[in-house]
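For reference, the structure I am asking about is given below.
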Amino acid sequence: MNAEPLVQVRGLSKYFPIHGGLFRRVVAGLKAVDDVSFVIHAGRTLGLVGESGCGKSTLGRMLLRLQEPTAGQVLFAGEDLTRLDRRQMLAYRQRIQAVFQDPYGSLSPRRTVGQTVREPLDVHRVGTPGDRQQRVDELLAFVGLSAQAAHRYPHEFSGGQRQRIGIARALALNPQFLVADEPVSALDVSVQSQVLNLIVRLQRERGIALLFISHDLAVVQHVSDDIGVMYLGRLVEIAPAGQILTAPRHPYTEALISAVPQIGRRMHSRIVLGGEVPSARTPPSGCAFHPRCPRVMAVCRSVRPVLKKNGDEGSGSVACHLYP
Amino acid sequence: MNAADAPAPLLRVKDLTVEFRTMDGIVRAVDAVSFDIWPNETVGLVGESGCGKTVTGLSLLRLIPSPPGQIINGSIELEGLDLLSLDAGDMEKRRGSEIAMIFQEPMTSLNPVFTIGSQITEVLRRHRQLSQRQARELAASLLAKVSIPDAGRRLDDYPHQLSGGMRQRVMIAMALSCNPKLLVADEPTTALDVTTQAQVLDQMRELQNEFRMAVLLVTHDLGVVAETCQRALVMYCGSIVEAGKTEQLFSSPRHPYTAGLLASIPRIRAERIAELPVIPGRVPDPGNLPAGCRFAGRCSHVQSRCHQERPTLRSVNGNAVACHYPLGADI
Amino acid sequence: MQYVLRKMLTGIPLILGVTLVSFALMVYFGPDMTYQLLGKNPTAEQIIEVRHQLGYDQSFIQRYLAYLTELIRLDFGNSSSGEPVRSLLAKTIPVSLILILPGFLLGHILGVLLALAAAFWRGRWADKLIMAIAVIGMSVSFLIVIIAFQILLCSSDGLNLFPVRGWNVQSLPDYLSYIAVPTLATTFVALGYETRFYRSVFVEEMTRDYVRTARAFGLSSRRIFFRSIFKNCLIPIITRVMFSIPQVAIGGSLLIESYFGIPGIGKATYEAIITGDQPVLKAVVSLTAILFVFVMTLNDILYRAVDPRVSLK
Amino acid sequence: MNEFSSVAGARAVNRRNSIWRKVLRKFLADRTGVAGLAAVLVYFVAALGVWCGWWGTDWADLGGSKWEAVSAAHWFGTNIIGQDIFSRAIYATSTAFEVGVVVAVLATIIGGVLGAFAGFFAGSWIDELLLWAMNVLDAIPFYLFVAAVAYSLAGSPYAMHVAMITSFWIGTGRLVRGEVIKLRNMEYIEAAYAIGLSRFMIIFRHILPNTSHILLVQASIAFVSAIKAEVILSFLGIGIRDGMSWGLMIEESTKEVLAGFYNNFIAASLLMFGLVMAFNALSDALQDAMDPRKVA
């Protein structure tokens, strides 16, 4: 993997202002995403896991430039997206697309499925109207819907089918990179596996690079080559999927894996963390995980660990004082 | 402890049938469901959205919104007394004190403009003869029981000042307050993060033993059922398709739906697999159900009999299965 | 306190806006007073002089600033009839208040009560009856109600119980007899709107999850309805009552006052608009704006007192 | 293709298309609403006849003597100067529709667009400015405002319309603003951004169409409010200038009523009550039928 990565995220941060005082001045910043860096190679998938409020969705939105980062860079094929103006960005929108979480909220209820899937083609003026119509049929077929579906409205479809429509829309412009934010968490189990298989298939058949964001480790592992774990706005561990699941290094990763309810295991074997995720407004000093960490040391309370490459124990990086 | 030792079931549901009047006609959400719950056991009621599991849970407390919903048939016997035969006032008194229910959304399930202390004491004083002061002390001790730190002061907090996990603990404290014999928990941890979910499930299990109550855990998450329930009931399209001891049910499912569901769940595995097994198709429209077995249209073992005749629950090697051709049966 | 201060500060642009609009409408583009002051056949010099006195030869901005300075000093001077504006206000505002207040209160209180009844027995005959009456109440014009009530209650064709029009209040019985018909009319018309609004508030609140929770714990439906739901409903109720205060205090009485010939602030303002009596208009407009800001602030404070989710910070 | 197409295809047979069909079906099931609609249509035909010159042309003619009783020639009798009250009432129906439609359409368009902009840019200066404008206009009591507009546009027959539109758009604007604030966080709006749609396109293609249920109901409310306000304004002398309206008839009748002649008053009141009532029923049924929580 020596080629230049398709996506390089460098020191990406997003601080939301907190207002206070008589004139509502900005008194502090809420660090939703704090100094996150990673790369994704063409055709590969990075899974991003973390609990609600850890900043994973904000991160995804920044890659799509639905939200402006406070600091850092997003390099796509060598170009820093954060510096592009609206018009320049338009060209890149064709190459970066998104799949959203809520199958009910991600399709405009007053537009037919055909209009929705066609819209990206219309906006970017791809081909003749006839070409576009044909493309819509192809896309619907690829995601497993009939051509007649184009004339119907979203409310006539089930959650799983709507998610397929959302995927068809994202594929319309033949993107190289897809950001999928919790694409299956709102779906029922039996439908979830259908959509996951579709995602794996498009990745394999079309060589699309994917950032797959989810709170569900089991789902993430099914599609990902690498997995990153976020906690309170920071990336605490990132490693190849097989390695991170069998030999997690960060205590938080370990607890997260153990907390996933599994069939064929009884409760007592799991690690149950104490306390709750602290508020991002008042993050703990030092390592943000230290108040809940079962293996906390004195240094964790004062010094914030940085993400460091694992030495001999495999590829990947971890931000933890246990691994100096 | 063991369900079989108890002399009689705590709850006996028989042929429970619930219908909803909708614009598209009458929809039968729950169709002749029967099951028992024994004292102090945890039973999982699993199924996908729209299968009728929540409606079943609500029916046990007669909380179906009516109109449009109506229990049209069946009986719900709690310790031998049919709850459906009680008048509204009598039923009201039993809710909370004998059978209680907690819900999925801890944010909206608590009243936003009252302190949690006043909400718990209100329930306490409704069912027990307590002074305001006694009720408050009891409420504080209940909060401490569900591991809310600094419980005495937390009583004066409003729901929005608590995190999701804490709010669900408050709900559990309310549920425990009057020592109900049966707690119906409708997706109690679905809205919570995994690490919080683990905490809350742990807590529920401990308290259940301490308070000796039975729990009906309504959930879509088979993993949660596997880890917490002694027995499980699998629902599909308004009926129970399979029931049995959790371990046996999950290790050797007899109904093709249960088997398909178990196979299709993404699990943490050492190696990535190329493709997840799937159940093809989708749940049929509740207003337009097939005549025979409701799973027939999606079943990989379907035979012609399945399209004509609806199977009923019968015992197959320890599990109860509603299938004409159960998997791995020695017939 | 800091909060109140900030709220008041945000009221300043509003006051500026209200004064600007009203200045533009009522003064700048308002009736030209020149000829009314001079009578017929004035000379050209006289016209110029009067126009200068009235400030008509200055620019819009200059005149607006002058108008604002007068407002800030609360110096309204004398009305065109020569009466000091202050004494005019002192005379008319109390009349309007005691005229309107009973109807206003009755409308909201009865509205809430009827809405409670309708929502409590939702879908039953009591609900249907109340709502049918409310729609009828909403569909009748205020003016028609006034005239009909007057015919029924004041004329010799009807019951002839109360004075037809006018305002000659010396004692409490006088007062009651003069306000009876206006109060009945305002209440009748308000009831339709208020009942429907409050009922929809109650019904919406009845579908919330916490109501189901309360039921699952055995609380009686009466207690849930009158304690839990009602407190949540206070927020929209307060907002509605608060925001109708400015409308009622200044404008709402206009129709009643002019129809019954009652010397209140609504009628005085209306006449001031017609005759271009600028000092009166300035006073009324600034009072309105200040009242509005005051009500908004008060509303927010009450809101925060009822709803713990909104902190005073 | 696979199992999905067949299942969806089978469903489509009994559930053909668009949310509007569903709304229509629900609306038609509402008897009060349909009755309201029918009554409104009758009124509309009456107004249409006036515009086409089929009837009501003699509203200003002095065709009888003072205060004639109900007769075959004068269905509702005559007024103080012998004009036919029936013709006047019918003619006034067309005036009511003119006022109602003009005010409702313009107020709704303005309220919809400005409300959508305010909501879409909530938190920015555009929103602040629009909110400020709404508050300012709200702070000025309605009748004083109309009177002021009427006198500053001295003589214009449309002063009343202008004043009503300026006041009535605010309610719609606020509602649409609130709805748009909800809508703009929907994922399909994010998706539209991600595709590369401009903000104007998003507002007009994705946001405004999704507020149509609010706009339709608000337009019907504005229609009713305009008709009711017209009556009061005409009575106060700042409403309809030329032509005939129910308000002018009532104003006329106040002198007659004291003398014991009620025909004019009753005719105008009942006709107006009928239309407003019918429209209220219609608007209630629309609201029920289009409540997105019930439709979706």
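The first chain written gets the first letter, and so on, giving A, B, C and D; residue counts start at 1 in each chain.
Keep this in mind: a contact is a pair of C-beta atoms (placed from the backbone, for glycine too) under 8 Å apart; a residue touches a chain by one contact, two chains touch by 3 or more.
Fair warning: this is a prediction, and the values are worked out from it, not measured in the lab.
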| item | value |
| --- | --- |
| Label of the chain whose CA centroid is most distant from the centroid of chain B | C |
| Chain pair with the higher count of C-beta pairs in contact (B-C, A-D) | A-D |
| Mean-CA-position distance for chain C and chain B (Å) | 53 |
| Centre-to-centre distance between chain D and chain A (centres being mean Cα positions), rounded to whole Å | 48 |
| Averaged-CA centre spacing for the pair chain B and chain A, given as whole angstrom | 32 |
| Residue list for chain B, restricted to those that touch at least two other chains | 282 |
| Numbers and ranges of chain A residues touching at least 2 other chains | 161 |
| In the complex with chain B, residue positions of chain A that touch it | 51-52, 158, 160-161, 188-194, 196-197, 200, 215-219, 221-222, 241-242, 245-246, 255-267, 270, 272-274, 276-277 |
| Chain A contact footprint on chain D (complex, rising order) | 1-2, 4-5, 8-9, 11-12, 15, 17-19, 186-188, 190-198, 201, 206, 209-210, 212, 296 |
| Residues on chain C engaged by chain B in the complex (per definition of touch) | 123, 208-210, 212-221, 228, 231-232, 306-309 |
| Of all residues in chain B, those that touch chain A in their complex | 48-49, 163, 165-166, 193-199, 201-202, 205, 220-224, 226-228, 250-251, 260-262, 264-279, 282-283 |
| Chain D partner contacts - residues on chain A that touch it in the complex | 61, 64, 66, 86, 89-90, 93-94, 96-98, 100-102, 104-111, 119-120, 123-124, 141, 144-146, 148-149, 151-153, 155-157, 161, 164, 166, 169, 173 |
